[in-house]
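Going in written order, the chains are labelled A, B and C, and every chain counts its residues from 1.
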Amino acid sequence: MVRNDLGSGSIPDWMMKKNEYVPTKDREGFLTKSLLGFLRLFRHFSMRGRGDISVAGAGTELVLTLGMIIMIAMTDSGVFLACAGAGILGVLSFSRIDIMKRALSTSLGVTAFTFVIMLPAFFLYKSLGFLVLSFKVFLSVTALSLLTSVIPWNRITAALRLFKMPNILIFVLDMTIHYILLLGNVAYDMLAALKLRSIGKNKDKVNSFSGILGTLFMKSVAMSKETEDALTCRLFEGRYDAAKTDFGIKDCIPLFTLIIFIILYIFVG
Amino acid sequence: MKNAQNLQIELSDVYFRYEDTPALNGISLQIFEGETVGLKGDNGSGKSTLLRLLNGLVYPDSGKYMLDGKEINSDSMRDTLFARALHTKIGYVFQNSDTQLFCGSVREEVEFGPRQMGLSDEEVEKRAGDVIRMLDLEKIENRPPYHLSGGEKKKTALAAVLSMNPDILMLDEPMNGLDKKTVEWLTGFMSLWKEAGKTLIVATHDENLLYGIADKVIELHEGKII
Amino acid sequence: MHIPENYLSPATCAVMTAAMVPVWVRAVKNVKTELPKEKISMIGVGAAFSFVGMMFNVPMPGGTTGHAVGGTLLAALLGPDAACIAVSMALLLQALIFGDGGILAFGANAFNMAFAMPYIGFAIYSLLLKLFKAAPAGKEQMTKKLVSAGVGSYVGINAAAFLAAIEFGIQPYLFKDAAGRPMYCPYGLNVSIPSMMIGHLTIFGLAEIIFTVAILAYVLKTSPNLVHGALPTHAEGEKKKRFASMLPLLLAILIAFVPLGLLAEGTAWGEWGSDEIAEVVSDGETLGYVPSGMESGFSLEAIIPDYAIEGVPDIVGYIASAIIGVAVLVIIFRLIGSVSGKKKVHEIEHSV
């Protein structure tokens, strides 16, 4: 296995000795935290890779979720909040365990943050309104998180057409998600490589940071040039007409749910 | 090979440089309709640049590129209809499938080209359906491209190009990063394409790929044919 | 900086989104005319870069870290219009993927970070470039560019933070529930402005400067021709155009805020206009107001009754509460069950 064409031929003395390096402590928070962030991103997308779990149409589920979020924001009725909570938590309790975990990890994080931020308002107003606000935040974020965990991304973006979002923007959005994963993987690999090499003090953290993001930018430019070519080759001239989205019987379930909640809102909200 | 007499592509003394670095240094070649041509050379020998030039993405700094008797340069390509005809005629599968895929799902990807050609909805769906069946992509047709394996991505990119029914197919390092199964499949596909009498240009650094299939092999070195 | 769900009233969110629509339309139009069709791919990739960039933790002195938005950097690299679209896309996806920023508050977040930040940051950047008489090339020129971009990014993020603080701060004056308590962000301007600005004038402002200068330096060093507006003459013409088109927009938005008070229920607007403001301004000790009927402190009844309006059968509320209780129990048990039988959690780790 050992080949003899090693440059000048001989291995330097220091490489023959046992490595006696003792690492010194350093704070590599920026690396670890960034790496964890990317893992979260990949997990989010890989979960979705296992196919379409949703029973209902993406478009109407999006409408239902947004409708609920708006009504939750506007209501000052405890009954309505309780019903919305029953609905959302009910769906959550029947969800697949990984979806449940993901939805809760997002919404509980945001809720905890809100709770801390809003706690001083208690002393300001001597009211527990901040709890209601935290609960509202919890419900909205859980609902949205459930939606994005259950429905594949490409169907969510396609559903945005229902809101009159131009095809071209949806097209760019799809492309963006594609590139977030590509660039995210590149960034993750570079961060991981840097972390493996940063066994001691890295005095110039900012330098390695700018190297990674700078390289990432260059890579993005190169990629965008290639995609531009690919678009030209497939006759793209700034217009994009996508296939029409079908409306099926399964789209009715979310709509029906929404109508019930709207009626409830009108009566108690 | 029934049309082997028709001259399809002709380059005469073509030079091209990227900013300061020369990429093509006086390339002359002829490719006839129905031929299978191998482009051989190390990385950086100018293979990809040559393919880009043949696809009308860059133009010769000097020299001439004729396709079916018409010159391809920045003037002629300014005519949108002419440019569209060229891009429909040539199907180009990039080395890096990642940058060639940009739609929300495999199906949309395959439908993209025909839709841009302005075909009717039925025609678009028929073509996409046929190509998806031909390349065995039914199971993944609703998946977004980023959830595909390397082989599936390559097949999708090929499908997206084939649905436009090109006369000439250009593959840039098609076997890079593919698993064994996809390599075998793609080799078989290349033979079928050849049997159909359509032109095939394959750029590769791997000679083995060209054995038995290439009618001629052009070897590039530092932007020159050797 | 990312405004979460429910901190702003839906009315505020609607106004902010409406304000963003012309900005987006204009940005898309400018990108299309200024830069030919190839920019579609550039915006897609630019948005992805913006998203990924926001995920990075910026290393700060003393081993701490912070996040940056990078609005000014993107404006310097791609031009402010492309930056506006790219950051908007990134914000939308952040709201959907990470729950960072509310989906209703998307318009407000976009207004602060995708409109105010890149345009103001870029205006300062190009203004300083002009003052420094920066030429397109040269090592000294690079320092000038970096300083300009650094200052631009600092002003940009603080402008965005200030806008966010105003959006938060007007909530308690405008939107109250039946009992007169704020329904959304409960802190008035006297709290929201200092608490937002202290953080952004110091740590987040610094993170933004580091982010902007470090990356711009790298790109300028390796391939300077990629930087948009590298030529000051080009930037100058643009800047004038932008200021001119930004002013009426800002005015329109301010005007739009006024009738918002009319949307608010009860006498909120009047209260705010007379005694309340006086209280806030004249007496530094008193924060906000104490709604009538609430002086005697709080009791549990004070919260619940207002949320259960008469005429609605209580049974609905009871049933809903029961469902919540059962659902929470099911969730907890399933979570516990999944932890004890820990199996295939790691298979999904890095399979993308």
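Definition applied: a residue touches a chain if its C-beta (ideal position, glycine included) is under 8 Å from a C-beta of that chain, and two chains touch if they have at least 3 such contacts.
Remember, it's a predicted structure, so these values are computed and weren't measured experimentally.
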item: Farthest chain relative to chain A (centres taken as mean CA coordinates); value: B
item: Chains linked by the largest number of contacting C-beta pairs; value: A-C
item: Innermost chain, where centres are averages of C-alpha coordinates; value: A
item: Centre distance in Å when chain A and chain B are each reduced to the mean of their C-alpha atoms; value: 35
item: Centroid distance [mean C-alpha coordinates] between chain C and chain A, Å; value: 17
item: Computed distance of Cα centres, chain C from chain B, in Å; value: 45
item: Contacts with two or more other chains, residues of chain A listed in rising order; value: 45, 49, 171, 175, 177-178, 181-182, 223, 227, 231, 236-237
item: Residue numbers of chain C (touch at least two other chains); value: 41, 44, 352
item: Residues of chain B touching at least two other chains; value: 102, 146-147
item: Interfacial residue positions of chain A with respect to chain C in the complex; value: 26-27, 29-31, 33-34, 37-47, 49, 66, 69-70, 72-74, 76-79, 81-83, 85-86, 89-90, 92-94, 97-98, 100-101, 104, 106-107, 109-110, 113-114, 118, 121, 124-133, 136-137, 140-141, 144-145, 148, 156, 168-169, 171-173, 175-185, 187, 205-207, 209-218, 220-221, 223-225, 227-228, 231, 236-238, 264, 267-268
item: Complex contact set, residues of chain A against chain B; value: 45, 48-49, 51-52, 152-154, 157-158, 170-171, 174-175, 177-178, 181-182, 223, 226-227, 229-237, 239-243
item: Chain C to chain A touching residues, read off their complex; value: 4-7, 9-10, 13, 28, 32, 37-38, 40-49, 51-53, 55-59, 63-65, 77, 85, 89-90, 92-93, 95-99, 102-104, 177-178, 181-184, 186-187, 210-211, 214-215, 217-219, 222-223, 226, 287-288, 290-291, 294, 297-298, 300, 302-304, 306-309, 312, 316-317, 319-321, 323-324, 326-328, 330-331, 334-335, 338, 345, 348-352
item: Chain A partner contacts - residues on chain B that touch it in the complex; value: 52, 55, 57, 80, 84, 87-88, 90-92, 94, 96, 98-105, 107-108, 111-113, 115-117, 121, 125, 142-147, 160-161, 164
